[in-house]
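Note that the chains take the letters A, B and C in the order they are written out, and that residue 1 is the start of every chain.
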Amino acid sequence: MNALALLSQLGGAVLAVALAPVLAGWVAQCRAWLQNRSAPPLLQPYRSLRKLFRKDAALATYASPLFRATPYVVFGTMAMAAAIIPSVTTDLPMARVADAIALVGLFATARVFMALAAMDIGTVFGSMGARREMMIGFLAEPALLMVLFNAFLMFGSTALPTVVEDILNTKGLMLQPSLAFAGVAFVMVLLAENARIPIDNPATHLEVTMIHEAMLLEYSARHLALMEWASWLKLFNYACIGFALFVPWGIALHANGPLALLFAVAWLAAKLVVAGAVLAVIETVSAKLRIFRAPEFLSMAFLLAVLGLLVHLLLQS
Amino acid sequence: MNPFFATHVPVLLGLVFAWLVLGLAGLVRSHRITWVAYTLFPLGALVAMGIAAVGFSALADGFVAEQVILPLGLPDLPFHIRLDALSGFFLLLLGSVSAGISVFAAGYFRAGEGASPGLLCLQYHTFLASMAMVILADDAYLFMVAWETMALSSYFLVTTQHRIPEIQRAGFLYLLMAHVGALALLLCFGVLQGGSWLMTFDAMRGATLSPVWAGVAFGLALFGFGAKAGLVPLHVWLPEAHPAAPSPVSAMMSGLMLKVAIYGLLRVSFDLLHGGPWWWGMLTLVLGLGTALFGAVFAAVQTDMKRLLAYSSIENIGLIAAAIGLALLSYAFDMRLLAALALTAALLHALNHALFKSLLFLATGSVLHATHERSLGKLGGLIRRMPWVATLALIGTLALAGLPPLNGFVSEWLLLQAFLSTPSIPHAFVNMIVPVGAAVVALTAALAGYVMVKFYGVIFLGQPREPSLMQAHDAGWLERVGLGWLALGCILIGVFPQVALNAIAAVTRVLVGTVIQRGPAPWWIAPVAREQASYSGLWLLLGMAGTIAVMFVLVRRMYHGRVRRTPPWNCGYPALTPRMQDTAEGFGQPIRHMFGPFFRIARELPAPDDRAPRYRIQIDDRCWHGLYLPLARAVGWLADAVSVLQRGRLAVYLMYSFLTLLVLLVFVL
Amino acid sequence: MPTLTLATQFLHVLAAGLLMISFGMLAQRRTRSLIVLLAWQGAVLTASTLLVAISAHLPDLYYSAALTLVEKVWLMPWILMRLMRRLGIEGDSDPLVNIPTLMLVGLGLVIFAFGLAQPISSLATTVTRQTLGIAMAVILLAFLMMIARHKAVTQVIGFLAMENGLFFAATSTTYGMPMVIELGIALDLLVGVFIFGIFFFQIREQFDSLDLHQLEALKED
C-alpha cells in the first residue's frame, strides 16, 4: 500500500460521489430526447441538490432518531461501495477490506435502513413502499450475487480488482458464454435495483405504482438530498460493477503509472456516456410491468445467472 | 489420561455442579424474588462465564483432550467425561450466551406467572447443566441421560404456564418429538458400538462398521439430532414450543439447545464415524437448504412475533446444516481445506445465531412484559417508548439479516466462500448441484433481510396500533445488561472475526485434520488466500463511520440545519390513523403471493353486506397436514387394531403369556 | 483454464444462446413472441452448423445449414405466423404453472441434462462435444414447454424447438446426420406442421376454441 494507491482510492470514491449526479442528469436528458420532450440541463441534479440542502427540513412530529440517521447511513454505505468498485484503477486497498460479497452486503444494508426509515413514520405509502422495496430486494440481491459468482468461478477470486486484472491480463480473445447469461441477468437487476422502468418509474409520483419514491415521501431538505444523491450513487456503482465485469478495458492496472489513471478517467466517462444512453433507450422502449409481474422478471434474472454458472461448469469441464 | 493430570475437567464439573446447587437453592425460598431473581440468577451468569472461560481455554493451541472416568453411574458402567476442542467450543457458546440470558432472566422472572420462581430456577439451571453434560459426555450412557434430562427440564420450562390449553398441547408435541428423536439416537448408538457392546465413545471411534451400517447409523443420527434441531420435516414442534415458553426459555432453546443438537451431529458424523461417503453430505446439504428456504418463507408470513423468530431459527439451523453437509461432502472427496472452511462457517454461524437469536427472543420478552401483546398486528411504535430495547434489538435485527459489519454477515460470507471453492469436486451431478446450493443460500439470506425488516418495522417503528401501547415502559437495568451483553457479542465477532476463527481452528483441526488460513490481523480474515478473498469488519466499520461523519460535518458546516416538526406529509391525505399502516399480514403478502404453493392457506372473506366485516387468513404448514396427521391417523388405526388383543378376561391374558413362552422356547431350541 | 480454439469458443457462445432462447420461450406468454424466438433459434442453429462446417471442413454441413436457414428461419415461422393470424390467437395466454415455478423446473432439467451429458461427452472426440449437455437441455425444455401450455399452437412450437435441439445434438456429437435423413426429417416437419394446421381448424370448428382444456370433454366418464 503506497501513497499513490491511497490517493487513487480516495480519488476514485470522491470522483464517484461527484460524478453520480451527472450520470443521472445524462440519463434523464437522453430519456427526454428520446421521448420528444425538451431536456433538462445536464447539471440539473446539482441544482436540485443545492436547493434541497438550503431548505429547512420538515420532520414528522414523531420521527425517531433512526429516521434522521438513515440518510447518512445510506449515503455512507453507497460511498463505501463506490470505494471498493474498481472504476478507474484496480489498485484499491479498500477492496481487500470488503470483497464483492461485502459489496452486496453493503447494498443490502442501505436497503434495509431505507425500508426501516420508511416504516418509521407509519404512513400508508411509506410502509407500502418498504414492503415492495424489500420484495424486489430479496430477489435482486441474490441475482446480483449470482452474477458476481459467474465471474468469481471463472477467475477464482471474490475481489473485483483481481477479477478485472485477470480479464485484462488474458492474452487473446476469451469468449465466455456464461458471461452472456450473467450480462443479461445483470442488466435486469440493474433496472430493478435502481427503480428503472420495467419495475419502477423514477419520475413518477403516482401513489399506487411508486416504490422507491414512496419510501422517500416523508423526507425533505437535506435528508431528501442525501437520499437522492445516494440513489444516483447507487446507479453509478451499478454501472461501474457492470463495466468491471463485462467491459473492463481502460481501467488502470496496478503496474501502470499515474498517467494511466487519467486515461482511465477518460475511458470511464466514455463508457458512462454510452451506458447512460443505452439505459435511456431500454427505459423508453419497454413498458412498466405490473407489480405482480416484478417477481417474475427478477426470478428470471436470478435463474439466468444460475444458468450461467451451470453453463460455465459444463463447458469448462 | 490420569484424572489427576486433568486440570480443566474438574473445574468444569465443579461449575456444572454449582449450577445444580443454585437450582436447588431456588427451592429454599421459592417465592422470594430478591433471593431467586436478584441473587441466584446473576450467580448462574457468573458460573456460565466460568464455563465459557474453561471452554475457551480448551481451544488454545497445544491443548490435549482430557478424559476422566467418574466414580458415578451404574456399577460396571461408569460415566466417562471428555473435553476436546469440539466440546470446548460448544461450552464457550453455552457459557457466553447463557450468561447474557441469565442476567436478563434475573430481571424477567416475576412472581405470579405460572410456576413459582424457585421452581423455575431449578428447572432453568438443570436445563443448563444437562446441556453442559451432553457436551461433556464421552459415553452413550451419560450422553442419553443428559440428553433426556435436557428434554424433560426444557419441557417443564415450556409448560410454565401449564393452565393454558395451547401451551399444554405445544408441550406435548415437543415432548413427543423429543422422544422420537431420542429413540433414534438410542438406536444410533446401538449401531455405532459395532458389536463390541462397549458404550464409550472411544470404543465407537475404534469400531469398524460396514458401509451399510455406517450409513444406517448416520441416518439415525441425522434423524435424532435433526428432530432436536428442527430440520424439515421434523420441525413441527419448534414453532409451537418456542412461542409457548417464557422468553428467556425460548432464547435458551433456540440459541442453545438447537446448537447442542448440532454438536451431537458433528460429534457423531465427524468424530465417531470419521466422515462417510459423499451422499451423506449431499443428503445433509439438501435437507439443510430445504429447511433454510422453508424457514425463511414461513417466517415472512407469520403474525406472532415469537413464531416468526421460531421459523427464523429453523432457517438458520438449515443454513448450519447445509454448511455441515458441504463439509461432509468435501471431506468425502478428501478436500480437507474446503471441509475446514465449510465447518468453520457452520460453527461460526452456530455461535452467531446463538447470540442474535437469544438477543431477539429476549427483546420480545421485554416487549411482552411491557405490552402484554404478542401479536404483531397490535404492536408498533415502541422505539419511542422503549428506546433501549429498540436500539439493542436493532443490532440483533441487523445481525440476523446478515448485514455487514455485524457477525451474521461474517458467517454467511464464509459459507458463500465455501460454496464458491467447490467446483473441483470430481463428480458430475454434485458439481452441478453445489452452485444451485449457493443460489439457495443467497436467496435465504436475502429473505432473512425481508423477515427482519418486517419484524423490526412492525414492532418498533410506525405508530402504536393500540392505545394501550402508549403506556409501555422500557426494560429494567438487568434486562438491559443481558441484552447489551449479547449485542456486544454480535458487534465484537463482526468487527474482530479472526478472533472467533482462531478459536474455531482448534475444532477443525480435531475434526477434519486441517485449518483454514489465518487472517493477517484480528479484524481481518482471509480464509483461503489473500488474493482470493479477504474481509475486514473493523475497516469496513471505520470506512462507513468515516464517510458518515464527514458527510455529517459537511452538511452541518455548509448549511444551517434547521428542523421544523410537522405532521407527516403522506401525499396530503389528512386523516391518518395507525390502523392504516401496513399490518404484519400485509407485509408478508408478497411472499404469500409468490410462494403460494408452499402454504396451506385458509381465507375468510367478509360478505359485502356484513355489518362487522372481518378478514381472517390462516396459513398452515403443509407438512403438518400432509405428513403428521396421516401418520397420527395411521398410529391410531394401528392402536385400534392392536386393541383387539385386549379382552378383559384373565384367562386370555394368561394364554398370551403361555403362548409367548412357548414361542420363545421354540426359538431357544 | 484450458485454452480453446476460437471456433470452439464461438460455438459455446452459440450453444449458450440456444439455451437462453429456450428459457426465453419458457417464460414467454405471447404466441407471436414465441414464434419470433423460434425463428431466432433457427438462426442460431444455422450459424452453429455453419461454424462446425467451416472448422471441421465438412461440405455436407453447408447444405444442411442452408436447409436450416430456409426451413427453420423463414418457412416454418412464416407458416406459423399465418396460422396464428388466421386463428386470431396473438394475445397473452397464461401457462398452466406460474412462470417462476416453470423456470425452476427448467433449471432442474438443465442440471439433469448436464449431469447426464458429462460422461457421454467425455467419450466423444469431436470439438463440439461439450455442447451435448446444452442440446439435451434444449430438448427437455422444449418438452416442458409443450406440457405447460394449453394453447394448441404452442405445442407445435415446442415440437419444433425440440427438433432444433435434436438437430443441435446431432451436429455437436457426430457432425450431423447423413443428408438423406436430414432431408427426410425436414420434410416430415413440414408435413407435420401442415397437418397440425388442418387439425387446429378442426379443433376450433368443434370447440370454438383452441384451448386444450376443451379436449378433456372427449374423455368418457
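Miscellaneous remarks
Just so we're on the same page, a contact is a pair of C-beta atoms (placed from the backbone, for glycine too) under 8 Å apart; a residue touches a chain by one contact, two chains touch by 3 or more.
These figures come from a predicted structure and were not determined experimentally.
Central chain assignment: B. Criterion: smallest distance from chain C-alpha mean to the mean of all protein C-alpha atoms. Across A-C and B-C, it is A-C that has more C-beta pairs touching.
Note on chain placement: the centre of chain A and the centre of chain C lie 36 Å apart, centres being C-alpha means.
Mean C-alpha positions place chain B and chain C at a centre distance of 49 Å. Multi-chain contact residues, meaning those touching two or more other chains, occur in chain C at positions 100, 107, 111, 114, 118.
Shown for chain A are the residues in touch with two or more other chains, namely 295, 306, 310, 313-314, 317.
Chain contacts: chain B has residues 428, 432, 436, 594 touching two or more partner chains. Of all residues in chain B, only 428-429, 432-433, 436, 594, 597 touch chain C in the complex they form. Of all the residues in chain A, the ones that touch chain B in their complex are 53-54, 56-62, 64, 66, 72-73, 75-77, 79-80, 83, 94, 96-99, 101-102, 105-106, 108-109, 111-112, 115-116, 119-128, 130-132, 134-135, 137-139, 141-142, 145-146, 149, 152-153, 156-159, 162, 207, 217-218, 220, 222, 226, 292, 295, 302, 305-306, 309-310, 313-314, 317.
Contacts from chain B toward chain A in the complex involve residues 380-381, 383-384, 394, 398, 401-404, 409, 413, 416-417, 420, 423, 428, 431-432, 435-436, 438-439, 442-443, 445-447, 449-450, 452-454, 456-458, 461-463, 524, 530-536, 539-540, 543-545, 547-548, 551-552, 555, 558-559, 561-571, 573, 576, 578, 580-582, 586-587, 589-591, 593-594. Chain C contributes residues 100-101, 107, 111, 114-115, 118-119 to its touches with chain B in the complex. Taken together, the chain A residues at the contact with chain C in this complex read 154, 172-175, 177-178, 180-181, 184, 295-296, 299-300, 303-304, 306-307, 310-311, 313-317.
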